[in-house]
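Across the two complexes that follow, chain A remains constant while its partner is chain B and subsequently chain C.
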Partner chain A sequence: MNNINLTIDHIEVSVQPETTLLEAAKKLKIKIPTLCYHEDLCVAGNCRVCVVEQVGADRLLPSCATPVSEGMEILTNSLKVRNARKSVIDLLVSEHRADCTRCYKSEGCELQHLSSEYLIGEDSFIDLVPLKEYTIDYFSPSIIKDDSKCIRCQRCVRTCDQLQDIGALTVAYKGEEMKVSSFFEKPMYEVVCTNCGQCVNRCPTGALIERNYIDEVWTAINNPKKHLVVQTAPAVRVALGEALGMEAGLVVTGKMVAALRRLGFDSVLDTDFTADLTIIEEGNELLQRLKGALVDKNPDVNLPMTTSCSPGWIKYIEHMYPEMLPNVSTAKSPQQMFGALVKTYYANKIKVEPENIVSVSVMPCTAKKYEANRPEMHASGYKDVDLVLTTRELAKMIQQAGIDFEALENEEFDSFMGTSSGAAVIFGATGGVMEAALRTAYEVVTGREVPFDGLNITPVRGMEEVKEATIKIEDTLPEWSFLEGAELKTCVAHGLANAKKVMDKVRSGEASYHFIEVMACPGGCLGGGGQPIPTNAEIRAQRSKAIYEEDAGKPIRKSHDNPEVIKLYEEFLKEPLGHKSHELLHTSYVERNRY
Partner chain B sequence: MSKKNLKRLDLIFKNENDGEVILVKTMARPTHDLINDLIISGLKGRGGAGYPTGLKWKLASEAEGDMKYVICNADEGEPGTFKDREILTQVPHKVLIGMAVCAKIIGAHEGYIYLRGEYKFLLPSLNEMIDDFHVLMNKIGFDFRVKIFLGSGAYICGEESALFESMEGYRGEPRNKPPYPTNSGYRKMPTVINNVETLAHTYSIFKYGPEKFKDLGVQDSRGSKVFSVSGDTPNPGIYELEFGMSVKKFVDDFGDGDAKAVQVGGASGFCVPRKKFDKTKIGYQGKLTGVSLPTGGSMMIFNSSRSMYNVLHNYLDFFVEESCGQCTPCRVGTQQLLLGIEAVKKGERSSEYLDRLLGLAENMRVTAKCGLGQSVANSFSSIVENFKEEMIY
Partner chain C sequence: MTEMKNLVKSLADNYGRYHESLLPILQGVVEKKRFLSEEAMVEVAREIDISAAHVFGTASFYSFLNTSPMGEYVVRVCKTITCMMHGKNLIIQELEKQLKIKLGETSHDGKFTLLETNCLGQCHKGPAMLINDTPYTNLTPDKVRDIIQSLKQNDLVSNAATQVN
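Presenting the complex of A and B:
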């Protein structure tokens, strides 16, 4: 098809048919303000902030939702446009509880930016907030939903529906009562919400925020009786810089470790250590299931096995596919393995009473807050992980402490439980757990490294919605001869909408896999609900690049080569899937309601 | 009582039992002839927006899609409008035959009547009529079936794209346009959606030819129009009149002698004050001399005992509740207009605030997503501008 020619602010531009006015303007580097629009989501066209004027037309056009047509003359900043836009922003401010100085989102609020840009002042419309009753839902340990700050852009609704295919958030009522709500207006804690936090990542205001535990952490840090241990997830180190003014895609592991020490943590450790441990446990569980199915022909063995690292995914399958819970690996997530070990193995090692340890984790994730609060997660006899911070909360603490993050010298994690392999680092990207597991499992079975150049299992990498890879196992070691010639079928999905596609295929028998990796968030943990805002495909690609760079530069690339993990088995766990492992590192799941 | 200056017409309501003959005769003609007839007749959508019917059918006939649909919009929700109810009671067969001809022209095999929830009482008679209609379809060998879809009471579902959403099982929220229904309507397929009255008119046009229809009315507003007359009138009811009359003539016929304003087109229409009765005509905006007002047919007469503040307050109450809530200008704008006139009335805001509200209404008109939000300004501005004192004191 021929290009469409038009002018925007008197500048000629030629674009593909179907291009929207907003995209065409972007091409000319003309910025049109938006609110309900988000690059990751379908177009809604409901906030009306992005309206532009078509010369000769009476009504204005929403630039996000209007395709270009030949000969259009578009004005993005005419007086008519400015007046209308200002009016729309003014209206939004009038229904928004604008207590900005007391708002957690504060300068991160897109409405505040627009209000300031358009000089919305004291002579505004009537404040609607005091005239209505609003619900503030504080019940979830992960997410706070404050309807008084909601501007009804429905980004969250589209996120929950389109990216995650859950629909926990939906629109209720009409007219002045219209609001974003849940099933029978129940609190988020009681409905199908997986706590993934993707809505939080996309909310333009403070209507959806993570429940923060910053003050609790400061209090613990300043309690001299407490020994503060912090673990940091792999995806945090490739995104934390963004929240502190640095560009996307920088690995800031060393600075992050330095900052955590400055904040006052007694021991700065690495979730990557238990990511390696997860691979050993989960990898062995897979091999055990394969043996059970192929050799023992045990009908009770459930294949395919799915990963269990993503707490959003766990809660999703508990709600949506409870009959498939036996297919989920019983291995805990790295965060919870870490927590269970900190108050047992580690406490014993450093001679600190476990009740005096405060175990903090820094996660790219809001669902991890929920996970840490699950009743199952008290394997150590205590709450295994006491407090969970998101990447954003850590950035805030670093700012509060007045630390010049960029100027920090790199520091190393403490040892032990601070050493990790490249396989653990890539847990932060979609396909990473699969790749890490294959690096280990293949070698366990054949005694040789996976047959991929530089150990890089590229078929499971990248942002494709669903990835499949088949690994042929040949020349096995004698004890694994039952796998000789077997083709290990794997599948990787990120984002719950994609997970649903895979699970439906598995359930119907259309697809037969042995091992499935699911991450609840787009791009995996690097796109998690606790990561810096904004997010989009480009930013996630930058973070992904950084993760694989970090992996490539690691002296150890395979989980089973991690010397600290080897030592942990020697000193404490004895063997994978052993008695101690089952006690501390494995868990169970529960069926949940479908609403 | 009524002076009967205006000629009463009976194109629509004349009870004619020659449906089968007309249908067979019409179906035998080439489709481009039929479309031409509609275009020549000058028939425009009787829901109030006034889109040329012939053009709509032509576009749908040219659009590509696996399925195509004909939908009769009977979600008559505009306050003060009750003519479609009457048409569906008295001459539903004309509507069905209009739908069948449309189906033939565009290539549809399924049709729906989206019936306003409150008109549920019409279901037995309509279903009976549809059964007879299906017998007729079988007899003439045309594969076309009509079903009734009952609305649930939201005003917004009369907006065509919200109506599709509602039929598809979603929230009744208007879609972005383009694409328009003729390309992407019900189930994203090419769809003709017409008002009840429009479809009934096509029957007359196919029966009597376009010229007879065109002879009625003026310039851009051809044919007859069914009006729902209510308010301060000794003769409320349904009247079929010629397009293009002045409000003055209408008031002379239907007023109680003390009319101070006529609301043309319901809550989303315009208020005409006494001093403008003469200069204002009823029809689509076009080449009419003076001001012309399009209408879905609602004519509400207010005499001097009525407070126009109360009238406006009532309309705004309606919009505040019936906005779907999706787009900012409509959801929040309607609330601000309502609270704004209350604040001025109570003296909490100065009378200058009315100018601010007029500006807001204009911004709503140019930014709102659908006809609902866009047309709030019609009643708001015409009432506030013409009855400013009543808003303040």
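Presenting the complex of A and C:
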């Protein structure tokens, strides 16, 4: 189709039909302010802050929702436009509890930026805040929802609908009473919200934020009686730099380790270690289930088996597909495996009483905060993971400590529980757990490496919504002969909207798989709800690239080759799925209500 | 299956399981149960595979889809501008006096609920109110007193009747 020609601020531009005025302006590097618009979401066009003027037309046009047409003359910065935008922002601020100096979102807040850019003074519209009643819900260990900061842009509602297909948030009531609400205005922790934090990543204001534990961590660090252990998830190291002024897609593992030591953590360890351990446990569980189904013909064996490392996914399936819970691997997530080992095996090793250990994790994820607070997660006899920080919170702490992050020299994780394989690194990307599991399971069964160039199982990589891969098993070792010639059918989904599609197909029998990987967040953990803001497809692709680079550069690429994991089995766990494993590394799930 | 499940299922069999079916199904539940309980909304959500929060969002948007238990007689007084100009506040005052409840409340015996609503399309005969499905127009405080008295009376009569039976 022919391009459409128009002028924006008197500059000629030629774009594809269907391009919006906002996108056309972006092409000319003209920035139009937006609030309800977000690249990952469909257009809502409800805030009107993006209006532009079409020469000759009376009404201003919302540029995010208006497609280009031939010969248009658009002005993005006329007086009419400026005045209109200013009134919009002014009105929003008039019913907004604008206590920026005390607000967690300050600095990162889009409303604050616009208010300052448009010089919203004090003598504009009257302040409606004292006249309104607002609800602040800070009862969830993951997410705080503060209606007094909400501008009703509905990015959160669209996020939860379109990316997650959950609809935990809705628009309730009407007119001036209209608000973003959960089912019956219940607290977030009671409803179907999976704590994934995707809405937090997209809320332009401080209305949806993570519950932060920064002060609790500082307090613990400054308690001389406590030994502070920190673990860092795979996806943190490819995104932390973004929150500290670096460009997207850089691996900052060494600097992150150095910064954690400078902050005062006594043991700086790696969740990647337990990611490798997860692969051993979960991989063996899969093989055991296959054996149960194929050889023993045991009707109680549930296939397909799904992964269990994403706590957003776990809470989702507990609410929405409780009848499929037996299909979820019982293996705990790497965070919780780590926590359970820290206060048992590791405490013993470093000769510190477990009650004197404070176990902190740094996660790309808000749902991990909820997970750490689940009553099941006390396998060590203590709370296995005491405090969970997001990537964003760690960045904030590094800033608070006055550390010049970019200038730090690279350092190495401590040992024990600091060594990991490339298979663990890719846990942070969609398809990574599947790839890691296949690298191990295939070798267990056949004694040979997976038949993919450089161990790179490319069919399960990338940002496609749902990926399927079938691996044919041939020339098995004798004890796995029942798998000879079998085709292992796998499926990978990221974002719960895609997981729902897969689960519906599995439930109806339309699709049959053996193993399904689900990550609650778009792109996997690298796109997690605790990662630096902003997020969009391009940024996620950068982080993903960084992850696979890190994998390729690792001397060890397969979980079962991790020498520390091997040693852990020798010294402590004895065997995969053994007695100790069951006690510490596996868990159970609960059915939850459907709201 | 619970009674609510059955009700929702039969409504869905009737109206379909599409997004468009939501409103008629909710209306159907209100007709039978007088209000939408949490249970009802969850069942509707499950039946047409949408989020329970969205069912609540829709219900909260329409003032006729009650989300809390209602009295046997739901009195809705128009609060829109024409009726307001014709003294709707005095009508409410009188209703509050007669029913011994405040706006938004339900009487102890579960007989009456007093609410405000938007324009009833009776502006030329305002102030107007609706009691269940019956509109009452050109209201005056006196008229209101008579209406309420006669409803209470009716109830007494029918109660007496059932007692006799």
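Keep in mind that, in the parts below, the second predicted complex is superposed on the first by the 595 of 595 C-alpha atoms of A that agree within 3 Å, B and C clash if a C-alpha of one lies under 4 Å from a C-alpha of the other, contacts with A are read in each partner's own complex, and residues count from 1 in each chain.
Basically, contacts are C-beta pairs under 8 Å (C-beta built on N, C-alpha and C of every residue); 3 or more make two chains touch, one makes a residue touch a chain.
As the structure is a prediction and not an experimental result, all values here were calculated from the model.
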Exercise. Who does A:D58 touch here: chain B (first), chain C (second), both, or neither?
Worked result: first
Exercise. So, A:Y134: does it touch chain B (first), chain C (second), both, or neither?
Worked result: neither
Exercise. For A:K174, is the partner it touches chain B (first), chain C (second), both, or none of the two (neither)?
Worked result: both
For this session: Quick one: name whichever of chain B and chain C touches more residues of chain A.
Result: B
Problem set entry | Partner chain in contact with A:C47 - chain B first, chain C second, else both or neither | first
Exercise. Can you list the residues of chain A that meet both chain B and chain C?
Worked result: 171, 173-174
Exercise. Where on chain B is chain A touching in the complex?
Worked result: 154, 156, 171-172, 176, 178, 319-329, 331-336, 339-340, 343, 359-360, 363-369, 374
Seminar exercise, completed: In the complex, chain C touches chain A at residues 38, 41-42, 45-46, 50-54, 56-57, 60-61, 67
Seminar exercise, completed: In their shared complex, chain B is touched by residues of chain A numbered 43-49, 51, 58-60, 62, 65-67, 80, 83-84, 87-88, 91-92, 94-95, 125-126, 128, 131, 151-152, 154, 171, 173-178
Seminar exercise, completed: Counting only contacts in the complex, chain A reaches chain C at residues 161, 166-174, 181-184, 191-192, 593-595
